[in-house]
Amino acid sequence: MQRELKFQREANPEWARQVSERPGGEGVFSCLQCGACSGTCPLSIYMDFGPRRIIALVREGFRKDALSSQTIWLCASCYSCTVHCPRQIHITDIMYGLKREAIQERLYPRRFAVPILAQEFCAMVRRNGRSSEFWLVLRMALRSNPFILFGMMRTGWDLLRTGRLSLRRERIRDVSALPRQEVA
Amino acid sequence: MPAAYGYFPGCSLKGTGVAYEESLLTLFRLLELPLAELDDWNCCGATSYMSIDERSAFQLSARNFALAHKANHRDLIAPCSACYLVLRKTQDYVERYPQTGREIAASMGNGSLKVFQSVRVRHPLEVLYTDVGPGEIRKRMVRPWRGGRVACYYGCQMVRPYGEADRDHDPTRMDELLAAVEAPTVPFSLKTKCCGGSLTGTTHEVGVRLNYILLKEAARKGAQAIATACPLCQYNLDAYQHEIRRATGERLEMPILYFTQILGWALGGDRAALGFQRAISGRREIAQWFPKSPAGKRAEKEAYV
Amino acid sequence: MSERSAPVRIGVYTCHCGTNIAGTVDVKALAEFAATLPNVVVSRDYKYMCSDPGQDLIRQDIREHALDRIVVASCSPHLHEHTFRTALKVGGLNPYYFHMVNIREQASWVHENKAQATRKARDLVRAAVRRVAFHQPLERARVAIHPDVLVVGGGIAGIHAALTLANAGKHVFLVEREPTIGGHMAKFDKTFPTLDCAACILTPKMSAVRSHPNITLWTYAEVTKVDGYVGNYQVRVLRHPRYIDEDLCSGCLECIESCVYKQAKVSDEFNMGLSRRRPIYIPFPQAVPQVPVIDPETCIQFKSGKCKKTCVEACGDRHAINLAAEPKEEQIEVGTVILATGFQTFDARRTPYYGYGQYPNVYTALEVERLVNASGPTGGEVVLRDGRKPQTVGIVHCVGSRDENTHRWCSRVCCMYSLKLAHLIKEHTGAEIFNFYIDIRTPGKGFEEFYQKLLTEHVHFIRGRVAEVTDWVLDPGEEGKLVIRVEDTLAGFVRRVPVDMVVLATGLEPRADAADVRRMFNISCGGEGFFLERHPKLAPVNTFTDGIFLAGCCQAPKDIPDTVAQAGAAAAEAMALIDAGYVETEPNTAHVDQEVCCGCKTCNSMCPYHAISFNAEVRKSVINEAVCKGCGTCVAACPSGAIRQNLFEDEEIFEEIEGILTNV
Amino acid sequence: MSEDFEPKIVAFFCNWCTYLAADLAGTSRIKYLPNAEVVRVMCSGRVDVQFILKAFARGADGVLIGGCHPGDCHYQEGNYKALRRFRLVQRLIEQMGIEKERLRLEWISAAEGDRVRVVINDMVETLKRLGPLNQTEETRARLMEVA
């Protein structure tokens, strides 16, 4: 049995303000809760909250619920919500902000492939300046769930035989120019 | 000879989306539009990066802008919708959020924000529509269309807030360009719905389901092929058709083409040079619609890795 | 410098306005400060200066302290300058020995830091005290009011205003752009919440207008030019030829029947293109005037000149049809104007994701109004374009309303008309009806009860802004239907609702030409483009231009009851002016000091009203103060400083500047 | 530049557009910087060259003129006259060594309450960058004599 009662002490209005002050975050407080975002989102039907309720959680300062949600990681950033929002709230950009915070706070769902891919991608690009799809997928799989590799074999072969899967590690010459600093 | 367009391939066009690059370069050659690849470009800092570390993501595209500025490109063509969006978003943020702008500038050493305004990030669809135009394309058409009906699939990111590739809710430019080469298109209500992007790799079932819906609706509208303008869309729609059949038992196989392949073919481009051999699904249709020339055969062998 | 004998005796009054001012400006300190200023004899602060006791304070002090100048630091002069000037008058002082300091709208409400706000207020009071010392006694001039009234727009607002005035014995010119009066209301079937038939309540008023001896009705006509000022407007009206003489026509309509077009081909504007009409037509059976009109765009005679002119034959010896008719210009004199130019509905094509114009079975609410209307294109049958009866209908609320991408305002009537249409469609077809809303707004007499009624009629209410209306199929049941995709925000999941018919509850927006009309009548528009009222609460039908009043949706979206009420109010305001017989104009006019004028004529070209003329004998310019509007442009232009403007004398403004800038 | 420098702006607002916009800003509780103090005139066309010079001479750091948008003047064309005069005075003050940014003309309609905030805040920022207007005795004298 899960408790459905929320105490006000669980809310963090200060955090809500911070989110609203991030670039792209302005407007969270003007949300009508009309649901146009969740209605148009191609993935909301798989999400635990969906964009509308994420905004509701943010506004009311329920930080933990928002950051540990699956919703933010299922967002494929197609920006459909953003262009449909009658208040022009940059929902996708807010999602990005929440993802970053979830990573920093290590609140993201464990063994959930999306954040892992993101991290691997990020690390790879920091190192080489470019991503090499093959190696990226490999590392992602190894860290999340190696068995998915079996599922991928057919596709992998298809790509290979059509010359679309290069095993080369892409790398730029001037790697020194790449952003160094690690995430806090 | 007009000034060369800067060309920012992005990672995908060197991998799974190589056919997009091949057809794009061929098409621009046929149109006598010079295209110069940005030297030592780096990852645009796309979706995944954004969700880890926004500032670095911006710094990444900042470097690309600096390169484009150095090479004094007025236009920078980004065929991958994700690259296109991220680059434009960076410009937008520099514009709208002085603080972010200052941070990015600072990170760029010399720190001049001019580099952001000087370059115009453009999508090939918009370049071909506005700089060349359906009329000119029709004039240059040498091959009549022998293929089936096509559903134009624009995908999401190129028509979204930071883009200006086409109208965001009901884009029509790809349809108009294809009409110019007499390729019959079908009305496609899902033309701006998301293909799931990288989800096919992470939350596989969900990602594949999205593409199943796209294929099914395209077929229902009588389409025999789908035209795309983004490497991720093409990959997702192309690579999982066998799997969809296994899962649903429905036969939805159809070729997933790049609109640049269709235009390039109409303008007389070589089959191999347009990357048709790189298709995974609908190879039979492709063989019929875009028949091989003897010369093509050899070229194709070499093209394989 | 103006000659002054004894030093003036100034009273300064600081208003708390409850906490509106006192909350941010230290009123006590301000009053104490004012007391220290030169010539200030009395300085007080009080809770509400505009209240009776507040005004009494001023009157007493004038008596007891022999004050001869008054400064009140309170709200905007646009709100209470008149109030306090009257107080001076009653207190036996010339009302123009007064200056008002705006420390509410322009200080306490716009600043947060109390010290800074108080500092600013102090500067402004100092400036006023210095200025007011130079004020001169002034008299208001009287301008006679022409008793006739112009009403622009023949919708329910214009009709009601015109009749009200006409019944009070005023002569009214009613100008309507369309060939008939009636406006949008004439298109409606029933009206919410009482469901009484629109025609039954409107058409009697329409014919009353036609037959009223005090109303000159010009339909198919437009105002093209407006000159003059309150009491004396000269208006030019262009009357388009309808090619049928209104006086000769008996309204038998045989000409229409006899038209060579056997079946109608032209899209019918009145029925929103849902039916066809002939080139010679009457908008709808109860149209006023009952006179057909020929549309030259489509009439063969006008296009090719080769028509049998069967209409002319049919008219016979009445000779009402004159195909050679020319546009006619009318020039009229009126004292006041009532603008009732109405609204237009939002163009649903601007929200492509709702499929209007793409899917034939997506309708706008106004189109459906015609469908349910017994005298409409289908005789009241609610059928789809392919003739089927809809089994399921989805009504999408807030289309082009409450949306930053289109219009941010709430159009106020959509909720109620959607409920009405839901009821009517259900009544006509027995269809299952879904309302998709963000919020249901029913704040009106009998409105909430109507909502209740609908709920018990088992109409579905789904709270969620519709994401899209589409034809892609995900479920076998959706084949051949339109699918409404929406998050049911109350049930908490996304739904796909297949329907046969979609009704878009499009919002109300300003007419496309509102900006031109506004310029022509020299009034303002609000940010959203509707005409701006003088004060949202205290002067809702007045504009900033005296003698020009607003009625109906040209001011903001509103329903029929509110429109009629506002039209009545506008008529009353006009009457108040007319019956007073005159208006007093502000005395802030300009005049030329003949001694100083060097006759350079610089000013002559400055005046937009041609109030300045040049007296050749004495070689000096003179201003006709009756014509002068008091803008002061000539004053600023005069190189020799010979022109002075009452209430805005150079010295007065210099003093104000000095006051603001003392101790910087 | 001294951080605590608070520029002083004399603002001439026309009665029908900009003054109403300032009122609207108030009724909408829009917050802006308190550095501008308003002198109400019936029309921006009334703003005399002397007013502007006097203001500078008396130590104003900036002068702001607010009128109706072109074509919207309550008196038909007063704002155009204001514009002409404004250009003239800008040149004049520049010759006197006063930066022309210190004199600003803005069209603000009765509906644009927020515009008042934007303009005033922006002008304050500009003036803070320029610093106080400390004219030489000689400039002041010249100003006074023209004013």
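Letters A, B, C and D name the chains as they come in the text, with residue numbers starting at 1 for each one.
Convention: contacts are C-beta pairs under 8 Å (C-beta built on N, C-alpha and C of every residue); 3 or more make two chains touch, one makes a residue touch a chain.
In this text the structure is predicted, and so the values were computed from the model without any measurement.
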Across the interfaces A-C and C-D, which one involves more C-beta pairs in contact?
C-D
How many angstrom lie between the CA centroids of chain A and chain C, rounded to a whole number?
49
Averaging C-alpha coordinates per chain, one finds the centres of chain C and chain D separated by a number of Å equal to 31
Can you give the whole-Å distance between the Cα centres of chain B and chain C?
50
Any idea how many Å lie between the Cα centroids of chain A and chain B?
23
Among chain A residues, those touching two or more other chains are none
Of all the residues in chain C, which ones touch at least 2 other chains?
353
Contacting chain pairs, sorted by label, are A-B, A-C, B-C, C-D
Where on chain B is chain C touching in the complex?
167, 169-170, 189-190, 213, 217, 220
Interface residues, chain C side, partner chain B - complex
351-353, 358, 470-474
Chain A - residues contacting chain B, complex:
23, 42-43, 46, 74, 76-80, 82-83, 90, 96-97, 99-100, 103, 113-119, 121-122, 125-126, 129-134, 137, 140, 144, 148, 151, 154-155, 158-166, 170, 172-174, 177-179, 181, 183
Can you list the residues on chain D that touch chain C in the complex?
8, 10, 16-17, 19-20, 22-23, 25-27, 29-32, 34, 37-43, 45-51, 54-55, 58-60, 71-72, 74-78, 81, 85, 109-112, 117
Residue numbers of chain B touching chain A in their complex, please.
11-12, 14-19, 40-43, 45, 47-56, 59-60, 63, 85, 93, 96-97, 99-100, 107, 156-157, 160-161, 168-169, 192-194, 196-199, 201-204, 206, 210, 239-240, 242-243, 277-280, 303-305
